[in-house]
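Below are two complexes that have chain A in common, paired first with chain B and then with chain C.
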Partner chain A sequence: MTHQQNPLQSINDVHTHFRYWSENWAKIGWLGLKNNPVFMLKQLKKYPWLNSLMKANELLNMYTGTRKGLYKKANSIAVSSLVSSIVDMVDGIYNHADKLILHEDLVPPEILYGMGLQPWMAEFLGIVIPFLDTEVMERYIDRAENEGIPADICSLPKSTMGLALSNEMPKPRAIVASNMPCDGGMTSYTLIQKKLQAPIFRLDIPYNFYNEKAIQYFVGELRKLIKWLEEHTPGKMDWDRMKEICEERNRMVELQLEIWELAKMKPSPMAGEAMYLPGMLYGIALPGQKRGTNAMKKILNIAKKMYEDNQSAVPDEKYRVILWNPPTLIFPDLFVWAEQKYGVAMLMDMLSFNRHPLIDTSSHDNILRGLAQIIMQGPMARHTRGPAENFFSDIFYLHEAYDIDMIWMAGHIGCKNTQALMGMFREKCRDRNLPLLNINYDLSDSRIVPPANIKKQVDEFMETVMQA
Partner chain B sequence: MARYFAGCDIGSTTGKAVILDESGSVKATAIIKSKIDPCETGKTVLMKAIDKVKELSEIEELTYLIGTGYGRNEVPFANTNISEITCHATGAHFVNPNIRTIIDIGGQDVKAIGLQENGKVREFAMNEKCAAGTGRFFEMMCNIFDISLTDFSELSLNSTKTVPITSQCSVFAESEVITLISKREQPADIAAGIQLSVAKRVFTLARKVGLQPKLTVTGGCSRNAGLIETLKKVLRIDIVPLDFDGQLIGALGAAVLAKQNSVKIAS
Partner chain C sequence: MNDSFDLQSLSKLTAEPVNSMAQKAQDAGKHLIAYTCRFLPEPIISTNRLVPIFLRPNQYISTPMADTYLSSVTCSYSRCLMETALDFSLENLDGWVFVSSCDHLRRVHDNLVHSIKPAFIHMLDLPHKQEESHIKWYANELEFLSKKLEKHFEIDMGNTSIESSISDYNNFQAMLRDISILRKQTIPLISGYHFHLLLMASLCSPKHLLFDFVKELCAALPENDRDETKKPRLMVIGSRIEDSEYIKKIESMGAYVVADRFCCGSIPGLNDVELGESDNVFEALSRHSFNNTSCPRMMDEFDLRMKIIREAMEEYKVDAVIVETMKFCDIWGVESVPLIHELKQMNIPVLRLEKEYASTGMGQMETRLQAFLESL
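Let's turn to the complex of A and B:
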């Protein structure tokens, strides 16, 4: 973490900080008390990554220390969502071990919730831990490489495999994976399944998904998944619960869409982590939860208030940016820094943006159809396996809709799929006279490119191309 | 008293200085080998240029001075410093406003720079992590042949065929060249192979910014005629020579920006 220097805070800001700081600690403390403190202490030894998760409240300082007023509050809510999601995830492991389903990030968890199962997104740790403890994942990456995993595959599946190989992954009842988003991710589940000795189901997501045949095929795959889970786990599909989960998800997404609309204003009344953290957590990892809807509602109300008061989220907004590819895990406060130094407002990111965000809950078939479209035409699957046009059409739509000044591409060197698109991407940006910053770095391994070098790349770009 | 504006480009291999007068005419230039201390390099090269201007006797008499190059942050006497990418773009645009692509091959890195019509940087790409394809690589190769860069350039132009150098790394390339010499390959043909290996690396980098005409080469390696000829073949685009020493383009750009900044401040 590269904490920024905190400016003087008003009494209201101090109150906001203390309120969320104490609420977050209360959630973490509740987790310890509920599951027996002695047991939890033993678990800290068994699963060393729990130590990193317990530091989640440090993000409050990182993400809100330099921010003020309502914008500070919105980002405090974003951090609070992260703390809640960690607590929910860890609590689920201990209290629903018999229903624990380890799943890949392109598997709809709504189905697992609908069946009364406990989802555990395998990549969750690989994503969240570097945010909290940049160097911790290096041990797991090395473990995977030392066991023969090629060094040049994405460090996220390597982290996940390293956790399994280090016997630090709780044993699930079953595993659900897919053929997305990349070869490394797909292959990692063969190793994880072998190590954890749990039955596995692999969803086959069609490559060419813009036709009815593909949608129907994937709906069929989801039906097969439900049947398989009913045979291999205690889960039983409860369509009423499933409908409820999907409707809760829709409620959250509708609020998120309103925030997106407000963010189109110049200057934007919302930006930064408040724009992507809750959506990423409650849209991808833990969908259909009231916590997600509540967080989104609070952020929307703040955005509305700021808009009405003619306030911009980033004081003196100078540049509007979209971030493509997953956020820079090893430099989680990149946009806090960029905001302070250059007046950069980050308005949208790849993982949040989904063209088919809502689910029609009028019938079982429509629910599955909606989930199929969210996965097939949503982030990652749509961008890394589909035709290149998917990647470009989203970016250039966002360029116009948000009137952005530049694109920041988190050019994760382990992502062969997006690296392969870079040549075409550069050409298309050039044609549109749209400045493109390609940040060379590795998603989870700060030894490849440390945060200081990322800053250097940004500085060079801002000075040279943006004349900042 | 007449006003003078200077640019000081402190590179890893050489220090360069350019002094402009109020009309924008170049009054003096200087190039020296870089010293260990970048500040010392800056002082020495500036004084060498100042000695060529009658009205000037010390650095403080310059109206505005901009530092650039890798050692730019170590020039305490500069009014400000600006990245060498911006300075190369400004310098090339000043000499030829039709330039749209620059390949700057310096001592320790290679950059490809795409320019807008107004001379501002549109995009850039750089290789700063590998010595292969840089001036340092040529120095190493010249050492093997025990000749100067000028002679090496001439040597490559006299080749009858090109012996390919397959190693991407400069250390391995050195071993490969020594092996080729011991196999009695003709030095001229090996030299042509070295030029080709660098040109291919430049090609990869230049493609990132788009090869838009007119293209020029700056930096110390712009003096390597053999490389320029090879680049023309590999890039399949004409390389426009500038009416100014390519090695001095960064310092010239810094001087041009110094003059512009001075005007801005005055107004």
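Let's turn to the complex of A and C:
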């Protein structure tokens, strides 16, 4: 984790920081108290990654330390929301152990919520821990490689397999996975299931999913999943609850769409982590939660206020950027640094950018239909499955819609699926005269390319291509 | 096997991606349809004037042009394939049919569409599970492909034509099965190398032109001179082993490769297409695709794959197993871990070998094989 220099802050900024800092610690403390502090201390031995999660509040320093005013507040809300979600997820391991369902990251948990089950995203730790404690995740990567998993497999499934192999994955009642997002991720569940000895259901997403035949096919898969979960877990589908989850999701999405509209303005009143953290969290990991809607509403209000006051999120917005591929987990404050050094405003990223319809909740069939589209056509799911057109059409749409100056591709070496598109990507960008920075690095393993080297790649690009 | 039985002609047939027999068929008015995955049921691209050509671009060791597009972290089969296409060595193909078998091949398809723009190219959407709904889905895919082929090549792809193609295919499969079982004998009547050569030649040559040769081979083999030496009997499990020299190298170290559980191997791979009474022709072909392959890209089938391996080990009296993985292949890279674990639980000696698509680094492999065989 790298921290940027902390410039002088106003009294309001200090107050904002202290408020969210203390709130976050209160949530973490509550988790310990609620579950018996002695018990939780013992759990630190069973699940050493809890030590890393306890550092979650450091994200507040990382993401808001150098930011000011309303933009600082928006990022504080995003971090606070993440801390609350981490606390709730960990709490679920202890208080709903009999209903704990391990689900793959691109299989959103609405159905599990609708059935009264407790989701635990298998890749959650592999995503969050490198943000907080890069070296800790590398231990699990090594564990998987020592077991024989090839070093060239994506480090996210390697991390997840490493956790399972180290007996540090909470024991679930059942597992729900799919063929997303890539072959490495898909096949990792054979090993995870063997290790955890829990029943598994896997959803099959077709290659071409933008058609009625695919929607019907996948609705069939979802029906089989619900039936299977009713047979293998204590969960029972409650369609009223399901409807409420989907409607909450819709409310969150409507607010998010408003933020996106505002972000099209020049300069943009919102950028950075305040854009992508809630998007990742409530669009993919924990959709349908009131907390998500509230966080989005607060960020939208801030963006509106900033727009009305003609304020830009990044004080001196010089370059407008979209980030493609998942964010650089080993260098989570890349854009905090880039904002300061180059005036780069990151306005949209692959994982946030949904083209989902709102879910029609008028009938059970329509709910499943909406969910089928959301899962099949979700971010990353649609980019790594299906033809290359799925990958490129979003990028070039965003280029136009957000008046982007350049694309930053987080070129994770383990993502062979997207690496195999880089030749085409370069040619297509060249045709459009659109600068493309391909950051060579590994998503979760800082030993491959350390953050300092990422900075060097950005510097070279900004100096030579953008003439910054 | 006696080398005098025109074995050299088989080697020649496997030396080029598009061999002389394929050229001959094309000169006679046939259309060469390239494919890259065994999940594509051959009869659909053998119908009427179509000839299936399974692409084995193992002539390329370095792939500089392909690396520009696919990067150097995709599997070397994908890169060799792309390099061959970019090198204009596949210009005379009339069409390409891909299966959404793995990430790397899907991206080869995307890059071919972008760079080569073949006149006929199609991607079949293959499910990752094989329940009834998935079999029906794939049957629809095959039906759609047949209509597209019919229109593009102006040929008859009606049921009668496809059934005739199935019948020819089944006849050929039966001959290969007859030869395959000769490996079950205490001293195999055909070496693993020769059998592999035969399989590869039959995949990349027009079957109607190879038929008489294989028929004669069937008759000649039981009379064959055999090597009476007792050697360890090996099963080779893995992904794309399409260079017969690889099998030859293993056998040259003092072993018989009696069982081949890899993409282009015979376990499974030599089943007939069964035209059940209730099936339509596409459902029969779809069912056959799932029954005739055993690939870790299928999500729920690990236990079934293990069962196939256990049964084959018994049938072929296997002493030890070699698990081959191709560098950068995600699917086999992960699958090999639980697979080796289970084999070890069964007290079966296992050697894991990583290789590139083209057989390189044979010296290193030789040392490891030697040590492994000595330990048996």
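By our rule, the second predicted complex is superposed on the first by the 467 of 468 C-alpha atoms of A that agree within 3 Å, B and C clash if a C-alpha of one lies under 4 Å from a C-alpha of the other, contacts with A are read in each partner's own complex, and residues count from 1 in each chain.
The rule is simple: a residue touches a chain if its C-beta (ideal position, glycine included) is under 8 Å from a C-beta of that chain, and two chains touch if they have at least 3 such contacts.
Bear in mind that the values here come from a model prediction, so they are computed numbers and not experimental data.
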Side-by-side fit of chain B and chain C on chain A, or clash: fit
Chain A residues touched - chain C or chain B, whichever exceeds: C
First, second, both or neither for A:447, with chain B first and chain C second: neither
Contacts of A:423 with chain B and chain C, given as first, second, both or neither: both
Partner chain in contact with A:463 - chain B first, chain C second, else both or neither: first
Which of chain B and chain C A:15 touches, first, second, both or neither: neither
Which superposed partner A:290 touches (first chain B, second chain C, both, neither): neither
Chain A as apex of chain B and chain C, Cα-centre angle in degrees (nearest 10): 70
Which of chain B and chain C A:42 touches, first, second, both or neither: neither
Lowest C-alpha to C-alpha distance for chain C against chain B (Å): 5
Residues of chain A contacting chain B in one complex and chain C in the other: 423, 427
Chain A partner contacts - residues on chain B that touch it in the complex: 82-83, 85-86, 114, 120-124, 207-210
Contacting residues of chain A [partner chain B, same complex]: 423, 426-427, 430, 433, 435-436, 460, 463-465, 467
In the complex with chain A, residue positions of chain C that touch it: 68-71, 73-74, 78, 100, 102-104, 106-111, 113-114, 123, 125-129, 133-134, 137, 140, 296-297, 299-300, 302, 325, 327-328, 330-331, 333-338, 340-341, 352, 354
Interfacial residue positions of chain A with respect to chain C in the complex: 147-150, 152-154, 157, 161, 177, 179, 182-184, 186-191, 194, 200, 202, 204, 206-208, 213, 217, 220, 384, 387-388, 413-414, 416-417, 419-424, 427
